[in-house]
Amino acid sequence: MSALLVALALLLPWLAQLFAGGRARIAAVVVAPLPLLALALLDAGEVRAPHLLLGLAFAVDGVNRPLLLLAGLGWMLAGAAASRVARAPVRFARFWLLVLAGQAWLLLAADLAGFYGGYLMMTLAAFGLVVHAGTAPAWRAGRVYLAMALAGEALVLAGVLVVAGSHGNAALATIAGDVPGTAGLLLLAGFAVKLGQVPLHVWLPVAHPVAPVPASAVLSGVLVKAGLLGMLRLVPPEAVAPVGLLALGLLTAFWGALAGLCQQRLKTVLAYSTVSQMGLVMAAFAALQASGPVVLPVLGLLALHHGLNKIALFLAAGGQVGASRWRGLLFALPALSLAGLPLATGQLAKDGLKSAIAGAGWETVATLALPASSLLTALLLLHAWSLARADRPADRGEVRPVHPAWPLAVLAGLVVPWAWALAHDGAADRTASALAAGLLPLLLAPVIRGALARWPAPVRPRLPEGDVLVLVAPAGRWLARLLARGLDAWSALDWRLPVAWPAAAILAAIESRLRRLPVAGGLLLVVALLAALALGG
Amino acid sequence: MAATELLPLWVLVPLLAAALAACLPARRAGQLALAVQLAALASWPLLAAAFADRGPLTVSLAGLAPPLAIRLYLDGIGLLLLGLVATVTTAASLHALATPGRAALRPAFWPAWLVLLAGLHTVVLSFDLFNMYVGLELLTLAAVALVASAGTVAALAAAMRYLLLAMLGSLAWLAGVAMIHAGTGSLDLELAGAALAPGGWVSVALALMLAGLLLKAAVFPLHGWLPLAHGAAPGAVSAVLSALVVKAALLLVWRVQLWLGPAGGADAAGPLLAALGGAAILWGSLSAYRQDRLKQVVAFSTVAQLGYLLLVLAMPSAVAWQGTTLHLLAHGLAKAAMFLAAANLVRRAGDPRLAALAGSDAAAPVSVFAFALAGVSLVGLPPSGGFLAKWLLLQGAWQAGAWWLVALLLAGSLLAAAYLFRTLAALLAHRDGAGQARAGLPVPRIAELAALALALGAIVLGFAAAPILDLAALPAGPGGAP
Amino acid sequence: MTGWPALPLLLVLLSLATALAVFLAGEARQRLRTTLNLAAALAKLGLVALLLRAVAAGETFQWRMPLLPGLDLVLKVDSLTLLFTTLSAVLWLLTTIYAIGYLERSPGRARFFGFFSLCVAATMGIATAGNLFTFFVFYELLTLATWPLVVHRGTQASFAGGRSYLCHTLFGSSLFLAGLVWLHALVGSQDFIAGGELGDVLSGNEAAQRGIFVLLLAGMGVKAALLPLHGWLPKAMVAPAPVSALLHAVAVVKAGAFGIVRLVYDVYGSERVQALGLGHWLAALAAATILYGSLMALRQADLKKRLAWSTVSQVSYIALGAAIAGPLATIGGLVHLVHQGLMKITLFFCAGLYAELLGSKRIDQLDGVGRVMPWTSLAFTVTALGMIGVPPMAGFVSKWYLGTGAVAAGQSWVVGVLVASTLLNAAYFLPVLGRIWFRPPPDAWPAPTRPGRWARAAMLLPALATALAALLAGLLAGLELSPLGWVKLIVAREYGG
Amino acid sequence: MMLLAFDLLLAAGLLGLAVLVVAGPTLFVSLVAYTVFGLLMAVAWARLGAPDLALAEAAIGAGLTGAMLMLSYRRLLAIRPERTGQRLVRRSRLALPIALACTVLSAGLFMALAGLPEPQRSAGGDALAATAQSEVGNPVTAVLLLFRGYDTLLELLVLLVAWLGVAMVQAQARPSAPRPPAPVPLLDALLAAVVPGTVLVGGYLLHAGGQAPGGAFQAGAVLAAAGVLMALAGRLQPRARATPVQAGLLVLGLLVFTAAGLWPLAAGQPLLALDGLATVYAVEAAMTVSIALGLCLLFLGAAGLGSK
Amino acid sequence: MAAQDLVWLGVAAGLVGLGVYGVLVAGHLLRKLLALNLLGTAVFLLMVVLGRRGAATPDPVSQAMVLTGIVVAVSATAFGLALMLALYRRSGEAALDDEAGAPDGDGRD
C-alpha cells in the first residue's frame, strides 16, 4: 500500500472538482473512486502524516477492506449513472465529489481526528445530494436529514473528545482496546443514527427517495455503512451488552420490513429494505461483540453483498423496469440475491450470519428470528417487484435506453461477493441442507403474497414515509417555534439603564437660582457657618 | 543669592509692562504682553534650577525682618504654578493676538491682561496675609475688566455679578486677616501660624477667610457666577480665568490649610472642604452633561474639575499631594486648550449652540483634535497627565482607606467621559446640508495651533510627570520652612 | 539574554507614526495615504518576522520607562506577545488593503485611517505590555481610538452604538482601574512573569486576591464580551465593515481575551487561580457566554449582527481555555485566539463584500449569492464550516484541544458545552450557507454597485487570503510555524508544559 | 465719661445712617445717607486717633465717592428719563432668611472680636521702633513707603487696573461731543478762589506727610477734588481715550516707585529699601500726581461724563 | 477691653451685618455698591479698633492697611459704577437677577 496511492485516493475527488464544470465531468466522477478500489485490492499497510491537522494516519486493514471495495465499486457504478441527472448537473457533480472525498478520508482514516473529520465532511456534503431536487419535499427531507445527522455527529464528537481526553489523537488501533464506557455509549448512539437503527432511522426513508437515483444508490449502498465502520473501530464490547444490540438489530430488521410493506413508492420501499438489512448488520455486529473478531468476514460479506445489490436495485428504480422483460430480469436478479436465493451471495451471507449468532450462544434467535426476517425481506422485495413492474411509461413514447451502469451493477452484485467469499474461505463450504433451508422463504413469499392480494387495496395499511417521524416532527416544529418566540421576546427587551438622568429642567432651575446674588450670598454665609462649626468643633 | 533677589521681579516686570502697555496702542501693547510672557517662560528654568538645589526660596522685602516686612515665598507647587501661568498665558495671548475680534483690539485689554499676570504672580509668591488680599483684588478687578471686554450684555451682567461676589469674598478674607493680625500680631503666614492657638475667634476668622476663598474659587455651591463669566468672556480670557485665576484662590486655601491649619485647627475643615469638592465634581459634571452650549459645557467642567483639587484635604499624604499638583497642571493645560478650541469652533460655526456645531471636524479639524486631546486629559484616560493625577489620587485615597473618595474619583471620571463624548459626538455628527456655507468666520492657524500645543502639553505631561513630581515634593508646610 | 531594547517600542511607534502622518496628510492626498498605510503594514510585518526568529531562538526584548516613582511603563516581547502581535500585524495589512477598496469613494478617509492606525498601535501596546499598568494604558487608548471608528458614519444609529460601546468600556475600565489601584497598593508595580508569582506575595490575603481578580476580570471582560458586559458588541456593528472586521473580530475583542490570558497566567499563575476556586467560576461564565451568544445569534436577521453574536460566543472559548487547568486547555484557548481571528475576519470581509457590492445586509437578501459572487461565497463557506468545527479547518483544532484539555482536567461537562455550541453554530451558519448555495438569486439585488476593478480585487483578495490561512492553520497545524506550533512553544516555555 | 457718651452718639449715628443706606425708601435718600455716613466716619477716625485715616476718609470716602455716586445716579436718570419715578426693584423673597443670617454673622463676629487675645509681640510695635531710627517721622507713611512699600506699589496698580476697567467699559459707549463751556461768572469766581486753595492744601499735605499725618494718598485725593471741580465746571474736557501724556502721568507714580525700589538692588542693597528722605519725597510726589489724575479719571468714568 | 473698644467693635460688627445684608438683598445695583462700601468701611473700622485696643493710637500697620483698603474700595466702586452704567445703557436694567440675560455672547467676541 503505497503512500502515493493513499494521497491519490484522498486528493483525486478534490482534483476532479476542477473538471466538474467542463465536459469531462462524468469521466472525472467515475475515475475519482478508482484509487479506493485499488487500495482495497492491494495488501494492507499504514501511512503516517504527522504534520497534517493533528497528526493524520491512514491505513488499510481487515476492518475497512471490504468497505473500501464496496465504496470503490459502488461510487464508480453510481458515478456512471450520474450522467442521467438532468437538473444542475455541475452542482450535483461538485457535491458528489465532496461526499466522495469525505468518504475516502473516513474509510482510510487510522487516527481519531481524521476519522471524525471524514465522517463530518461526508455527512454535511450529503445534504447537498439530498436537497438537490430543490422541491419542497426535498427541502423537508434535507432538514430532517440534517437535524438527525447533526445530532448524531454531536454524539460522535462528544465521544471522540472524551476518548481523546485520555489518549490524545492516538491511532484507532491502539484506542480500540480501552474506550471508556460513557464514550462508547455516545459513539454507539451517534453511529446508530447513521446506521439507521430504530427509532433513529426516520431520516433514511425520507431522505433517500427524494435524492436523484445515483445519489440514493450511494446513500443507501455505501454511506450508511460508515456507521458500521465507526462502531467497528471505536465502540468497545462493554459499552452496551451484546444481547441488547442484538435485540436492537432484530427490532430494526422487522420494523424496516413491515413499514416497507406499507409503502407505495418503490424508492421508499427500497429505503426501508436498507433499514431492515442494517438491522441484520447490527445483529451481526452484536455477534461480533459477543464472540470476537472471528465474525468480521461475515460482516464484511454482508455489507458488501447488501451494498452492491442495493445499488443495482436503486439504479433499476430509475430505469423504468416495467418497459421490457430484460429490465424486469435486471431488477429480479439483485432482488432475489438480496432475498437469499441459494447459490447467490445473499443466502451465503445469511448462513454466515446464522452461524455467527449461533456461535454467540443465541441458538433460538438463529433458528427462529433469522428465517422470519428472511421471509419478510422476500415479501418486501416482492412488493418492490410489483411496484417496479408497474413503472412503465404511459404511452409507448420516450423509453430511455438502459444505462450500462445498471447491468454492470447487477453483475457486480452477483460476482464480487462470491469472489470475496472465496477469497475468505471461511464462508464457502455450505452443505446442501443449508442451501435448501435458504430456499424455503423464497417459496413461501409468493404464497403469502397471493393470500394478501385479496385483501382490499384501501384497507391495506398505508404508512406515511418515515413512520415515527410523522409523530415527532410536529413536536419538533412546535419546540423550534417556542424557542424562536422566546429569543425574540428576550432580544426585544430594551436594556437601557432606567436611571432617569436628572432632567435638564431641574438642573437648569436649581442652577439659575444658584446664580442669583441673594442665594449665592446666603450660601456664602452658610458655608462660613459650616466652616466655623467644623473648625470650632 | 541672585535667584532669590530676582523673585520679586516676577511681579515687578509685569507691573511695569502693564504701566507701559497703558500708554501704548493696542497692537503694540499686545506684543509687549507676549514679550513679557515669553521672558517669564524663558526664565522659569533658571528659577526651577535655583529651587531644585536650594529648596523653597524666601525673600524679605526692604531688608527688614518679619513680622514687619513682607516676605515672598516660593515652594514646589508655587514654582509649578508659575510655570503653568507662563505657558497658558503665552498660548492664550497668542490666540488673542491671532484672533481678530473686538475684545483684543480694545486699548485697555492688554494692560488689564498684564495686570492679571502680575496679580497671579503676586498671589503665587505672596507669604503675607494682607499682600494676598491686594493680590486677590488685582486678580479680581483685572478679571472683571477682561470679562467685560467682550462687550455683550451677557458679558457685562456676568462681569457685574463676578465683581460684586468677588468683592464680597475679598472683604470676608480681609476681615479674617484683620482678626488674625490682631490676634497674633503678625501678617506673616509662618509667624501667624506659629502664634495661633486654637480658639473660638480663630474658627470665625479662618471660617471667613476660607468662605471668601471658596467664593473666589467658585467651589460648589458658590460657583454660580463662573459659568456666566467664563461663558461670556472672549476665548483667550475664559481660558486664563478657568485655568489659572480660580486656581490662585485654591492655592491660598491650601496655604491656609497647611500653615494656619495645624495650629489654628484649620485641618478640621479638611473633610468639609473635600465634601464640597466631591459635590462640585458631581454637580459640575451633571450640569456639564446637560448644557446645550459648547462654552457652558467647558465652564461647568471647570466647576467639576476644581472639586478634585480639594479632595486632598481629606487625605493629606505625599502621594495625594503629588496627585493634586499633577491635576493642577494637567487641568490647567487641558482646560485652557479646551476653551481656546471651543472659542475657535464657536467662531467657525458662528453659533455657540452644540446642535449647530455638527460637522465641525471637517470645518476645523485641528481644533476638534485639540478639544478631544484636552478632553482625554480631563477625563483622565491613560496617555495623559490627567490620568496619572487620577492614578495618584486613587492611590492616596486607597492608602487613606477613604472608600468614598475612591468611588467619587471613579464616578467623576465616568461622568466627565459622559459629557466629553456627548460633546464630541455633537462635533463629529454628520452635518446635513454640508454644502451651504457656514455662518462663522475663518479661524486663524495660530489660534488653532495654540490650542493644540496646550492639549499636547497635557498629554505629554502623562509621560514627563516624574521630574515634575520631584520638584513638587510635599508642599512646604510648616515643616518645610527655610 | 535580551536583544535590542527599542524593538518593542518600535512596534508601537511605527503605527503611531503612521497615524500622525495620515492625520497630517489630510483628506486630499489619497495616494500618499495609501502608500503610507501599506508601507507601515509591510514594515511591521517585517519587524514581526524578525522578532519571531529571534524569540524562537530564545531572545527576549524589554524596554522600560519610569513614569512615576515606583511605576514604570514596560514593553516586553515574549512568545505570548508575538502570538497576538503576529495576528494583528498580518490582519492589519489585509484589512488596510480591504479598507482601501471598501472606502473608495466615502468621505472622512483621512480620519478613518488615522484612527485605524492608532487602534493598531494600541493593540501592539497591549500585546507588548510588560506589566498590568502599561496594559491598562494601552487598553484605554484602544477604547479611545476605536470610538471614532464606531461612530465614523456620524448617523444617529452609529452614535447610539458608540454610546453603548463607551458606557460598557468606560464602566469596565473603572473597575479595572479600581482593581489595579488595589493591587498596586498591596503589591506595588508587578511585571508579567511566566507562571505569575502574585500568589506568594499575597499569600495571606485570600479575599483581596479574589476581589482584585474579579475587578480585573470585569475590566477585561467588557472587551472580551463576557456575559453581563457583552451588550456593546452587537450594537457596535453599525461601524463600517473594515472596522467590524479588524476591531470587533480581532483587535478589541482579542485585547480583552489576551488580557484574561495575561491575568490568569502572568499575574496570578494558573495554579493560584485554580487554588482560589476562581477557575470554575470563570469556566462557568465563559460557558454561559458561549451558549448565550450562540442562542442569540440564531434569531438575528442582520448578517453582521449574527456574526457579532457569534463573536461574543467564540471569544469566550479563549476564556474557557484559560479557566481550565492543564496545558491542553491552555493550548486550545491560545490557539483559538489566532484561529477565531482568522475565521471571523474572513466572515466580516465577506459580509462587507456582500453589503458593498450587492447591498444585501440581511440574511434573507443572500439568496443565490453563491452564483453571483462564487469566490466570496466559497471563502464564507469554508470559514463558516471552520467556525462550526469541521475538521480540516482551524476551528476544529482549537475545539479539539479545549475538549481534550477539559476531559484531561476532569471537567467533562465542558465537552457538553462544546458540543452544544457546535450544534448551535451549525444552526445559525448552515441556513445562511443554504441560502447562499441552494436558493435561486432574486431578480434584483437591494443596492448593486459596480466599484472599480481594483476596488473589487482589493476587497476580495484579503478575504480569500484569510480564508486560505484559516484552512492551512488547521490543515498544517502540525508544523512548528503554524499557530498551533507556536502556541505549543509558548505553553512549553512559559507555563512548564 | 464724656468720651463714652460721644462714642455712643457717634455709634448710633453711624448705625442709623447705615440702616438708611441699606433700607432707605428711595435711592436718593440712600445716597444722601451714605454721604453723611462718610463724614461721620471721618469724625470717627479722628476720634479713634487715626488722623491720616480721617483725612483720607474725608477726601476720598466722603468727598469723591459721594460725588461720584450722586453723579452716577443722575447719569442713570439721564440715560433712561422715562423710568425716573419707578419704584425700587421688588425686594428679594430671601430678605428675611438673609437678614437672620447677617445678624448671626454680626453677633458671631462681635463675640469673636471681643474674645481676641492680646499678642505679646506685634508688627505695630516693631514698626514704631523702626520709625524712630528712620528719617520719616510719621509711622504710617514709614510703614506705607519704607516697610511695606510692596503693598503700596501694588495698590497703585489696583488704581491703574480700576481705570483700565472703566476705560474698557466706557470705550464701548459712544463718546459724547465735547460741549463748549458756557461762561458762568459766579462759577468762574468760585473756581478762581477754591482751586488754588486746594492745590496749596494738597502741596502742604504732601510735604507734611513725612513727619506728620498726611502723605501721598491724602494730597492726591485733595488735588483730585480740584480736578473734579474743574471737570464739573466744564473747564477740563474728558476725552474718551486717554492721551499718551495722560497715561504717562497716570503711571508716573508706579514707574518712579519701582525705579526707586530697584535702584538699591544695583548697589547690592535689598529690594524696595528706599534710602534717604529725598527718595521718599520724590516717590511721594510722583504718587500724588498719579493718584490725583487716577482718581479724577475714575470719577469721570464712574459719573459717565465722558460718554453719552 | 475698655468699654469704648466694645462699643466700636459693636459698631463694626453691626455695619458688617448691614453691609452684607445690603449687598445681597438690595435690588438696585447702585444700592448694592453702596452696601459694598459700607461693608468695606466696617472692616476697616474693625481693623483700626483692634489695632488700638492696648495703646492709645492704633498701630501704624493697621492704619497703612486701612489706607490702602480705602483706595482699593474707591477704585472698585468707580469701576462698579462705570460697569453699572454700561450695563444699564446696554440692557436697560440696573439689576442683576433677571433670567433674560443670555448666558454667553453671540459667538463673535
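Every chain is named by a letter (A, B, C, D and E) in the order it is written, and numbering of its residues begins at 1.
Here is the rule we go by: a contact is a pair of C-beta atoms (placed from the backbone, for glycine too) under 8 Å apart; a residue touches a chain by one contact, two chains touch by 3 or more.
Keep in mind it's a predicted model, so treat the numbers as computed, not measured.
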item	value
Intersection of the contact lists for chain D and chain E	A, B
Partner chains shared by chain B and chain C (touch criterion as defined above)	A
Chain whose Cα centroid lies at the greatest distance from that of chain E	A
Interface with more contacting C-beta pairs, comparing A-B to A-E	A-B
Chain at the geometric heart of the assembly (C-alpha centres)	C
Remotest chain, chain C as reference, centres from CA atoms	D
Distance between chain centroids, defined by C-alpha means - chain B, chain E (Å)	26
Chain centre separation in whole Å, for chain E relative to chain C (CA means)	66
Interchain centroid distance [CA atoms averaged], chain A/chain C, Å	38
Distance between the centres, which are taken as Cα means, of chain D and chain A, whole angstrom	109
Per-residue overlap in chain E, given as positions that touch at least 2 other chains	16, 19-20, 23-25, 32, 46, 50-51, 53, 61-62, 65, 68, 72, 75-76, 79, 83-84, 86, 90, 96-97
Interface hub residues of chain A, defined as touching at least two other chains	515-519, 521-522, 525, 528-529, 532
Residues within chain B bordering two or more other chains	68, 130, 134, 137, 141, 144-145, 148, 151, 156, 161, 164, 168, 175, 179, 181-182, 187, 200, 203-204, 227-228
Pairs of chains, among all present, that meet the touch criterion	A-B, A-C, A-D, A-E, B-C, B-D, B-E, D-E
Chain B-touching residues of chain D, taken from the complex the two chains share	108-109, 111-113, 115-117, 119-127, 130, 146-151, 153-155, 157-158, 160-162, 164-165, 167-169, 171-172, 241-242, 244, 247-248, 250-251, 254-255, 258, 261-262, 265, 269-274
Of all residues in chain C, those that touch chain B in their complex	23, 65-69, 71, 73, 107-108, 111, 136-141, 143-144, 147-148, 151, 153-155, 159, 162-163, 166, 170-171, 174, 177-178, 181-182, 184-185
Chain E-touching residues of chain D, taken from the complex the two chains share	3-4, 7-8, 11, 14-15, 18-19, 21-23, 27, 30-31, 34, 37, 41, 44-45, 48-50, 52-53, 56-57, 60-61, 64-65, 68-69, 72-73, 75-76, 79-80, 88-92, 94-95, 98-99, 102-103, 105-107, 109-110, 113-114, 116, 118, 122-125, 127-128, 131, 139-140, 142-144, 148, 151-152, 155, 158-159, 161-163, 165-166, 169-170, 172-173, 217, 291, 295, 298-299, 301-304
Chain E to chain A touching residues, read off their complex	20, 23-25, 32, 96-97, 99
Contacting residues of chain B [partner chain A, same complex]	161, 164-165, 168-169, 172, 200, 202-204, 206-208, 210-211, 214-215, 221-225, 227-228, 264-266, 268-269, 271-272, 276, 286-287, 289-290
